[in-house]
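Chain naming follows the written order as A, B, C, D, E and F, and within any one chain the residues start at number 1.
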Amino acid sequence: MNKRADGRAVDELRKVTIERGWSEQAEGSALISFGRTKVLCTASFTPGVPRWLTGQGKGWLTAEYAMLPRATNERSQRESVKGKLGGRTHEISRLIGRSLRAAVDMEALGENTIVLDCDVLQADGGTRTAAITGAFVALVDAVDWARTNKHISRKAEVITDTISAISVGVVDGTPMLDLPYEEDVRADTDMNVVMTGSGKFVEVQGTAEGEPFSTEELMVLLQLATKGNADLARMQAEVLAN
Amino acid sequence: MNKRADGRAVDELRKVTIERGWSEQAEGSALISFGRTKVLCTASFTPGVPRWLTGQGKGWLTAEYAMLPRATNERSQRESVKGKLGGRTHEISRLIGRSLRAAVDMEALGENTIVLDCDVLQADGGTRTAAITGAFVALVDAVDWARTNKHISRKAEVITDTISAISVGVVDGTPMLDLPYEEDVRADTDMNVVMTGSGKFVEVQGTAEGEPFSTEELMVLLQLATKGNADLARMQAEVLAN
Amino acid sequence: MNKRADGRAVDELRKVTIERGWSEQAEGSALISFGRTKVLCTASFTPGVPRWLTGQGKGWLTAEYAMLPRATNERSQRESVKGKLGGRTHEISRLIGRSLRAAVDMEALGENTIVLDCDVLQADGGTRTAAITGAFVALVDAVDWARTNKHISRKAEVITDTISAISVGVVDGTPMLDLPYEEDVRADTDMNVVMTGSGKFVEVQGTAEGEPFSTEELMVLLQLATKGNADLARMQAEVLAN
Amino acid sequence: MNKRADGRAVDELRKVTIERGWSEQAEGSALISFGRTKVLCTASFTPGVPRWLTGQGKGWLTAEYAMLPRATNERSQRESVKGKLGGRTHEISRLIGRSLRAAVDMEALGENTIVLDCDVLQADGGTRTAAITGAFVALVDAVDWARTNKHISRKAEVITDTISAISVGVVDGTPMLDLPYEEDVRADTDMNVVMTGSGKFVEVQGTAEGEPFSTEELMVLLQLATKGNADLARMQAEVLAN
Amino acid sequence: MNKRADGRAVDELRKVTIERGWSEQAEGSALISFGRTKVLCTASFTPGVPRWLTGQGKGWLTAEYAMLPRATNERSQRESVKGKLGGRTHEISRLIGRSLRAAVDMEALGENTIVLDCDVLQADGGTRTAAITGAFVALVDAVDWARTNKHISRKAEVITDTISAISVGVVDGTPMLDLPYEEDVRADTDMNVVMTGSGKFVEVQGTAEGEPFSTEELMVLLQLATKGNADLARMQAEVLAN
Amino acid sequence: MNKRADGRAVDELRKVTIERGWSEQAEGSALISFGRTKVLCTASFTPGVPRWLTGQGKGWLTAEYAMLPRATNERSQRESVKGKLGGRTHEISRLIGRSLRAAVDMEALGENTIVLDCDVLQADGGTRTAAITGAFVALVDAVDWARTNKHISRKAEVITDTISAISVGVVDGTPMLDLPYEEDVRADTDMNVVMTGSGKFVEVQGTAEGEPFSTEELMVLLQLATKGNADLARMQAEVLAN
């Protein structure tokens, strides 16, 4: 019973590609695509931490999300030109940072800083989940770079688990995995779920855009998300194995 | 088995008070407290809608959240002085707006605008959930004012359900309801749950601050939140009955 | 001969209330009302001074004034959302700071900083004068807190006098004390007068909104203000005596 | 008994010069100097008023004050580079606007706008009073230009009086007129007085920088200011007579 | 005599690639690379012009340039986070706009707007020249799209010539074409030259970073630039021929 | 064959005046006029350099350009009020800084900072070239002041050449020197040329506002600019000789 415009099953991801090391400048990077959504993720490693954290033996990881003005179907004004960040940008940047911090042992990282930049080059729904999933790959490479360059010790277990994220939603009454833009705008409930490779939840953000939802609907959505994140974790592992 | 610093049971709310009509200027208002947390909520009703919405026969509702600089234990710099809104402020303002729009029939509201202002006068955890719960009371009064003043028709069913919100979290391994600041900072998982009076979910935002969480833990937290929101809905009904 | 809408004599204050210690977070605080005008004043005490003042053995006191968006009859846009402070906000913040510095011996204060926040919760004329009068009470408590907590010595005479402020104006040809909004907009001359408890002037700011004024009119207005400030000083003393 | 560093009597102005029509671009302009203080004042006349005033048959007048970064002895950062106006700039701009509006009959002006720009080229105390005094000359010329160019009728009495301003202060116990920077910083009380040519007060802004002041001191200062403003009014009349 | 680190002749371009139609969202787009420098150029076509241009029968073209924070070897702060555009960004955005307007007949374009966005994904010198060269390709496609979609007439000759740009400079005494970052920082003179396909100059911007330069040096640099721009024009033609 | 509105020959400068030492506050200053264009240039000398340059034994020179709001025929909004610098302001500030750095030996200057402020009091074309030419005079005086005040050694050769700038353009097919506003807006090609007193180029910025230009046209324009800069260098020398 296949009811989606692009022919996918309800629990099927769009085509996912991850180009590891796309950037020659950053310590870690990945160009990730979920269907037509493309996000360039870079991880910048710098020795030292912000002043307020100095001397505690812990590292720091933060993230910034942004969209090119013509990533979307209609051009939007640049936030740099407007002179301020929009609420959506702020919110997603904070989500990416929190999500990846959940997989990092800050004491093992030591007094070093990692900044993840996730820039959406083309947007078709699911940009924040693609960003988190791609940023994890960039993060792993930046930590490897730091180990190779002796900024962190050979034995430090900095990365404690893998992290990926996927969207799920109820569209026309049917729960579905990985919504492109056209499904997303029609969804009654829209949920972004960040999980570890070990199958636990890091973030669950569900919103009733239309009808409020019940515990049962929530359960079905979480099962779909669990399936999708397991698929993503497998792809991350393959990419990182090369 | 009572394990909380303030003597509450794990599924017990802090003392909640709602002073309806606290402001003499706004069309609707409520000063709400959850323990030491105090939020002044006002609802401003204005005929007309923003230009991009004109002519569609629908209303508009938006919200803004802010904190006084010395609402907290240490003074923070004013966002008006910094010249920009922080990410947290943006995020909570958006959450309040989305939550209350879930209870409003925009066509019944007609081409009118309601702005909800939630200003935290004193903060001790749970400011966003108190804000949503208090804003609902202010909203009801603003809609009544508009009906009395013939901006909307006598029969229009603008408010479709009640809305309240509460925080839950896992503190030292125990799931608990309505966390004050000192419990909140120690929580492994922290969740804000917005519900309708009819017991459905409008927003579920769960974050693993420490350990990632399982489906089982999520279920327990949602049950606590359901209990807490039912208590809040009862108090809202009492206050609005007077 | 009683000619005011609210039945007051021309030299009579509106009902004044001062709730000392309203905030549980700040070192000093007062919720003051002049009729329907309500201002929450907090005093934040921090050891240390800004860098440019370090090493001179002197303290620092500054003030910030703001209004909630729906303090007034029509909602105004938040300055934090606009991204800049308006001229009126700047001007009143500076006035409050100058006024209270006039009662503080900066050498007795030592290298400590006090920030006074005056947030108007409801506005009906006279917000700046209520703010100054309430801020003085908060200031006294913050200094006491600092003495108790040994940030300043037991014997230091930090507060050298009391400070209060009141508005006066010529409305329909009659000089009057303490103008609410509706009188204020009709006033030809409008004056804010900050005085010490010992009856001297700290600030005199008179403006001809309509007709320019003569020396004689100025004299009558200063007498009214002297009377009003004496009344306020008495109330401050009572509140602080408890 | 002459006690001032520059040899002036206590009730004597510094050398005042007014170059009328200094700018070839503006409808009215004056380069005014009070001693070493030099302010370029331009008046820009534009037909029409801001949207919120349209259709009421009244004009609008506003003012902006600014200082070149090296007008002062130490260079200050440009407000355009900082990205915001300081409180002092805001406050003085508002004062200049209010002061000159006191001499303009807005109905006679009709639906036209005048903007006064006062840019301090060199600063040595008294910049706001020089700005008001020079702006009045620029204003008169802009109104004449508008009359000549038929934007306002030949018979409209737009300017109802003349306006000038001077500073007074108590320095080392002696009340003095027109303080240069070095006297200003030592003054206990500092007052700016804006008056009409007919000898009435438009603004009285007195501040106790050091000791609070008595009614008697205030009286002496107002007499000095009355004398100084009369001198300035005479010079304005001479300049405008040519 | 080959003296460059990457083995190129002094009058040889780096490897240039142009991926036309890289973006599926924009009306025209190109991902251009000059060696390791990669710029994503999109052209957004919108019917209508800014209000100040309405009713004149002319179109409008503008450009915005930006760099991803980790395009460079060290991460730079986002301008959207800083809240303002840097001088360099402003300057290059203006240069791109001016350069491409030189090839557009605004009357043939009619009352339509084209916005060119040039986002540097990876930077290694020559980002502004790559941006101009790639933006031209995106522009041509956007105009074709508009013709196909009947926003402009079939016969309108909107594009009057081709536009490309290249950098030249004097490095260690030798004039060279197309400088990567490492040559650019060592150059005494640095020049960006924008030309038409017909071999005329649109912009010549030469700067002596070290030693001032003579007319003779200028001539040699312009010859190199003419050669490089002819090569680029040939590549643009090939890409657009497909 | 004299074809210009103001009767000048095509290779003739407008009347140039340079009032050295116009400001009594700055270490160096000049009020320069090119016809009706008037620019006040000040040079502020401060011991020390920005933190990122400390300890390298080198100085720093930077420039800021701005225009008074009514310098032009129509009033423009202040950039300080808008809260951001426009692209044109940024671009010209950077040009002035680069141009003057070309004549300064930063090691001879030692760890000292010079800021050049160029404020346009009246604008009629050529403001950036007048600014550069006047700033050079202010710079020389600031360096002399520093030598006199022993901030730099008596023998240090800080200034290595003289710097001036002039505009040239093709108006109605004729190349011309030093364009006032009315010629500038009609020019097909517009070029600003910064040169040393020794006749070499520091900056060449040519823009085809209308028709692209050929190498031959460029040559003619550079000859005119060379002549104009030689005239300016002579005037600078005369002014500095007094």
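The rule is simple: a residue touches a chain if its C-beta (ideal position, glycine included) is under 8 Å from a C-beta of that chain, and two chains touch if they have at least 3 such contacts.
Owing to the predicted nature of the structure, the values given are computational and were not obtained by experimental measurement.
Here the chain-to-chain distance from chain C to chain F, counted in touching steps, is 2. Look at where the CA atoms of chain A average out and do the same for chain F: the two points lie 51 Å apart.
Averaging C-alpha coordinates per chain places the centre of chain E 28 Å away from that of chain F. Averaged C-alpha coordinates give centres for chain A and chain E that are 33 Å from one another. Each of residues 83-85 in chain E touches at least two other chains.
Under the stated contact rule, the graph of chain-to-chain touches is a ring, a single cycle where every chain has exactly two partners. In ring order, beginning at chain C and turning toward chain D, the chains are C, D, F, E, A, B. Remark: chain A residues 23-26, 29, 36, 40, 42, 44, 46, 64, 66, 68-73, 75, 78-85, 89, 115, 117, 119, 121-123 touch chain E in the complex. The touching residues of chain E, counted against chain F in their complex, run 84-88, 90-91, 93-94, 98, 102, 161, 191, 195-196, 198, 200-208, 211-215, 218-219, 222.
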